[in-house]
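What follows is a set of structures for review.
The two complexes that follow have chain A in common; it is paired with chain B in the first and with chain C in the second.
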Partner chain A sequence: MRTMTRRAMRGVGLLCAAALSLTACGSSEEAASDKAVSGSDLRAALKEGGSITVWAWEPTLKQVVSDFQKEYPKVKVKLVNAGTGNDQYTALQNAVQAGSGVPDVAQVEYYALGQFALGKSLEDLSRYGADKFKDDYSPGPWNAVTVDEAVYALPMDSGPMALFYNKKVLDKHQIAVPTTWDEYLEAARALHAADPKAYIANDTGDAGFTTSMIWQAGGTPFKNRDTNITVDLTNDKGVTTYTKVWQKLIDEKLLAPISSWSDEWYKGLADGTIATLATGAWMPANFVSGVESASGDWRAAALPQWKKGDEVSSENGGSSLAVMKASKNKDLAYAFNEYANHSEGVQARIEAGAFPATTADLASPTFLDTTFPYFGGQKANEIFARSAAQVPEDWSYLPYQVYANSIFNDSVGKAYVSDTKLADGLKEWQKAAVDYGTEQGFDVNK
Partner chain B sequence: MTAPSFTAEPTRRTTHRAPASRRAPRRRHSPDRPRRSVLLTVLMGLTALYALLPLVWLVINASKTQKNLLDSFGLWFSGDFALWDNISQTLTYDDGIFVRWFLNTLLYVVVGAGGATFLAVLGGYGLAKFDFAGKRAVFATVIGAVAVPATALAVPTFLMFSKMGLTNTPWSVIIPSLISPFGLYLMWVFAAEAVPTELLEAARVDGSGELRTFFRVALPLLAPGIVTVLLFTMVQTWNNYFLPLIMIKDPDWYPLTLGLNAWNEQASTAGGQPVFNLVITGSLLTIVPLVLAFLLLQRYWQSGLAAGSVKG
Partner chain C sequence: MTAVTPLTTGRRPPAGGSRSRRGRIGWLFVGPFMAVFALVFLAPIAYSLYLSFFRDQLVGGTSFVGLDNFQRAFEDDQFWAAVGRVVLFLAVQVPVMLGLALLVALALDSGRLYGKSFFRISVFLPYAVPAVVATLMWGFIYGTRFGLVGNINDALGVSLPDPLSPSLVLASIGNIVTWEFIGYNMLIFYSALRVVPKSLYEAAEIDGAGQWRIITAVKIPAIRGALVIATIFSVIGSFQLFNEPSILKSLAPNAITTYFTPNLYTFTLSFSGRQQNYAATVSLVMGVVTMIIAYAVQLRGMRKEA
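Then we have the complex of A and B:
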């Protein structure tokens, strides 16, 4: 019993020490209010210094942090990789719930923002003037970080989709680069017939990919206004357009049963087992570091269309940096966020291989003229930038998309390994999403 | 999936044959040199293969470069022998963070598992050799605690620790590791058998105090049990993943399990650099100390297991 008390006392002591060191860093108390903060306030905070913790797994931030600290020597930024994606969200949720150990800044993917914004864990950045940045970011990412008037994060990167294809493999079997998804299906058949070991793509059920495809097909399966949510994965036209083609790819066993990001996947991309990859424009950096041996084999092309002649694209992945409401040093946290995602930091990140969300960079000649030795000297950014401008704007995710995506394979995943149809899998996913939403207190499909 | 059916059948066959072989010429085979059963040898061989294959895979693939890993057959060497290079890369990658993780793990094991063993020995001995009120309640609690998986307690513990400001510190891993209900139960049972009450009474009659009796008389007798519990808690703490995953967010305090996972996850993010070769080499380096611990301590362990059987 005595040790318990002593332990508890030490805990209290630590808390006090933490609180003391934070107040000693200054400027934190005023930040707790909701008043507007001007640029000169931020400059003063930067000059005064202090320390902030950033939870992020994005690799190029390391450089940004070191540049930032060089520029503002009194500011100490602790960059912590608290896990990738879901792992980090769980940790973040735990910390918010426990009310301690919450970072000042956290990386949150676009699809997950709703969950934290709705949970009131994120600071509205419009009081720092971030609401004036609308035209500085491409539409997909900007829509993702804003809810009504509030700006819950600054876009860090974006993933306008493109089709990456292994030119060596397609050339060998004299298959043209598909421009529509029907042609894609034809190409898949021709390729697999010519070489039974080769597949047009890998897919074992991936929520992010499926929702992106539905997005491109003009679907809006998720709609939300306040606590009213609509989930329609059965009659939505984007969903039906997508399942019609994809069901055939599955039925005819034209998709490699390899999960993305596995070592097998990297291997398949390197040895020609996986001939194409429809994904976000952030992929080149991964090709260079992870699929080294296939350098020169791959090229980028525009995403195939659902209707011949259309010019519609989609977003896949991408993340933002948010300032946590529980932060004791929001001014500094925001100052770092703006540095990394709106000013100097952006350039450093592009140079390290990140794909920007800032319109100025997407339109800059140096960016567009960049040649990719990995893609045989192709100016791939032209394709990506065009894609970024072609993303339908009316898309939104569920406010609990992280959970929904985590149970995607329980229902839709069955379509890849059994007789279950994709449409039935999606219907089951819808039911699970509706049930969960209702349990959480939303009005779903009412 | 195939494993259970394929082991089940031979076992059934051995039981069928058992009476025959029992009656068969016993004289030619002394107890020291029992007759060899081809079937059992094959069965044991397969089990050994099953257990060793992942280890073999690990050693082989730790000798490959990242590029080579992806374009060669998994169960044989290929390309340049890069083991030494991989090891030095593992130890220096990211400013040598691997070494830090190694030392963290060592700290958690020495303080956590060491402490858990110490507490289990004290408690087990006390419960086995002293009568006091509420002993049955303690027994029920311990048995209950054995049944509760540590994973189930991790989140409540996290919430409690974060109120005390202990999360993200080494204490958050060490304190829960100090409690090993299974170790306590094991020591209890072991102490009841291995330390004759008559011996303790003799010591008391000779005027030895309880502490002295414990350290001079009981402890040596308990040694084999202590080693067993130590090995058990050591393996548990060394491989602990879920608890630190929840408690620790600062990579500087990661144990090896979390660190290796972080390296592995690097491959699954936009712009990340896959370092599968370092993950594999790191895993190999991670299991070396455990293998060594088993090899060095197995002598004590075996003598402990055998001790009871001779007395019979």
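Then we have the complex of A and C:
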């Protein structure tokens, strides 16, 4: 979970060998049937048995696999950790290109789905009836797995954002938990003035975080329909709302120059140097394992708002399971996917610490009543579940977001270490994204 | 050689048939080498060249584009910025490193050093540390918050400039590379110095030469070949700079761009940007640039020797 989200946040791309392979694969797999598969067909397939390979790094799937095999003894599921995030994508692309060794099911993060879907390496799950699951998942993840009516994966977990804050530090300096980003800025000033070693947050330029913030601010900087893409990181209202506040945080040096997931970061979270952290709901498990010594200091709160009184949130990270088009056993693959992400498997994963994307679980009393000893007994899931329902639906990533994120710091990073303004950095990022898209054959900003 | 010549000249020239058989036997001996050579040396270059004539797009797939990739490479600001960076690195770091290595080698060779073996192994030891480990270690040292630099700042109440800031990061990498490779170059120089006949020094001393004069007039000219070789290695090493910036990137994501060095650039192009064709082109161009500079160094080094 931790590494997964780390990748999601950093978004360092390693997608290799994509299109050549994908086009080749598309033609050879054309023969595969597109007919609808009913529930009874799936049950028959499960009864008959067979074996499937699942590539995933999500640790909670281990339990799911063993439960699944117990329930369907004739089905063998081989769970392979082929690397985390981009490492796995590279391996996956290579396998697709080679036309052999492609798994039946693969874990793909939301922001990377577009790239695989576009390459036609994923099976459209709507022929299994997955398109009817719309209301079963929270809007953010569901929106992420669907591209133009097609359902390319089932959401596995989600990262509705929340503000984690070090209560001990804020209380010590008598700073109220900020409810808007303007208050956040005020809190940052007050905190840094009271203790020059303490910062409201760490930020060294993180594409995943920045896009999540723009998402919350109502922005839609990326739009795509087929091969027509619009990139607008200059005039988009979400972008301008975000840069207005964030530029001040940068200018006044109120952000700790510490990269997330570094050793310094963990130390900072533990010793009060970093007082708050706005991130996805998958964070608690990382707090427990990585910032053990600060147990009891931290609390969760709703994400600060761009406009006072609003109730808008955002997503950060999260991934899905997709069925590969090259799979020889798609029915079983889908059956496993549905088991893990839509039916019994979800509960097992929640118990193991995953944050679900299913609305039923997000609304279930047992889930909401779970207390977090790390957060001083707080029922943090209530906050996360509320956040999950407040995510704007019209967001989309670029079909090549993995690459765009990987070059984020080349341009936007300058704003953090030089006089370059955040807005100018984003403008340069836009140019790089437009250039790359055009180079790749898309119609960008036309 | 002289012993062999009479043998062959003493014989009649072999008849046509046997010559071709000898040719075949010759190929039998050379064959295995040629096969491996072609496979591991020529094939990758040929394949890169082949790749560089195509373009592979997310939309539209693969198409033949002739020399478009080369044209793009020549107009690519990011690529030439990367080349400029390694050239600057080369111009500053290599002389410093080789100078220090030479100094150490001369000191060891002078025989006036106590604890020579200890000194020799200590200087050489960093070379045995894997570059990845060395870079991580230096990364911690460079840290301004929890690293050694940070500790010095705290202890002495000073504020040293951040070694990982955009303006200093290249120098910081130069420092790591120097630390890593002084020992290696020292060993090359030292072993070259060891084979210089001692009688030359004695002769020079009899002629009234001091130590300094012996170094400049006897020792350095005697190891010019080693100097040229070490320089060529360093030129190639500089142009292939990858490990250090790639690892430091996680500590200084905004100071080290994805096109910081040509190698890092091709890596990003092919593994993040899935532009293998263009990456192959950039690699080829970079290979040619490296060859030209290495060849120029060699020519210059040899000319002096003559």
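Keep this in mind: the second predicted complex is superposed on the first by the 414 of 446 C-alpha atoms of A that agree within 3 Å, B and C clash if a C-alpha of one lies under 4 Å from a C-alpha of the other, contacts with A are read in each partner's own complex, and residues count from 1 in each chain.
Keep in mind that, in the parts below, contacts are C-beta pairs under 8 Å (C-beta built on N, C-alpha and C of every residue); 3 or more make two chains touch, one makes a residue touch a chain.
Everything quoted here is computed from the prediction, not taken from an experiment.
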(request) Determine, under the contact definition given at the top, whether A:57 touches first (chain B), second (chain C), both, or neither. (result) first
(message) So in the superposed three-chain picture, is A:352 touching just chain B, just chain C, both, or none of them (first/second/both/neither)?
(response) first
(request) Would you check which partner chain A:96 touches, where first means chain B only, second means chain C only, and both and neither mean what they say? (result) neither
(message) Once chain A of both complexes is superposed, is A:439 in touch with chain B (first), chain C (second), both, or neither?
(response) second
(request) Kindly classify A:263 by the partners it touches after superposition: chain B alone (first), chain C alone (second), both, or neither? (result) both
(message) I'd like to know which partner A:335 touches here: chain B for first, chain C for second, both or neither.
(response) neither
(message) After the superposition on A, what does A:145 contact: first (chain B), second (chain C), both or neither?
(response) neither
(message) Is A:289 touching anything from chain B or chain C once the two structures are fitted on A? First, second, both or neither.
(response) first
(request) Please identify the positions on chain A that touch both chain B and chain C, taking each partner from its own complex. (result) 12-15, 18, 263, 267
(request) Spell out the residues on chain C that touch chain A in their complex, using ranges where they run on. (result) 56-62, 143, 145-146, 165-166, 250-251, 253-255, 257-259, 268, 270-276
(message) Give the list of chain A residues in touch with chain B in this complex.
(response) 7-8, 10-15, 18, 55, 57-60, 80-85, 87, 91, 94-95, 97-101, 157, 159, 261, 263, 266-267, 270-271, 280, 282-283, 285-286, 289-290, 292-293, 317-318, 352-355
(message) Using the touch definition from the top, list the residues of chain B that touch chain A in their complex.
(response) 66-67, 69-71, 155, 158-159, 162-169, 175, 245-246, 249-251, 262, 265-274, 276
(request) Spell out the part of chain A that touches chain C in their complex, as residue ranges. (result) 12-20, 23, 86, 90, 93, 115, 118-119, 204-205, 227, 258-259, 262-264, 267, 399-400, 402-403, 406-407, 409-410, 413-414, 416-418, 436, 439-442
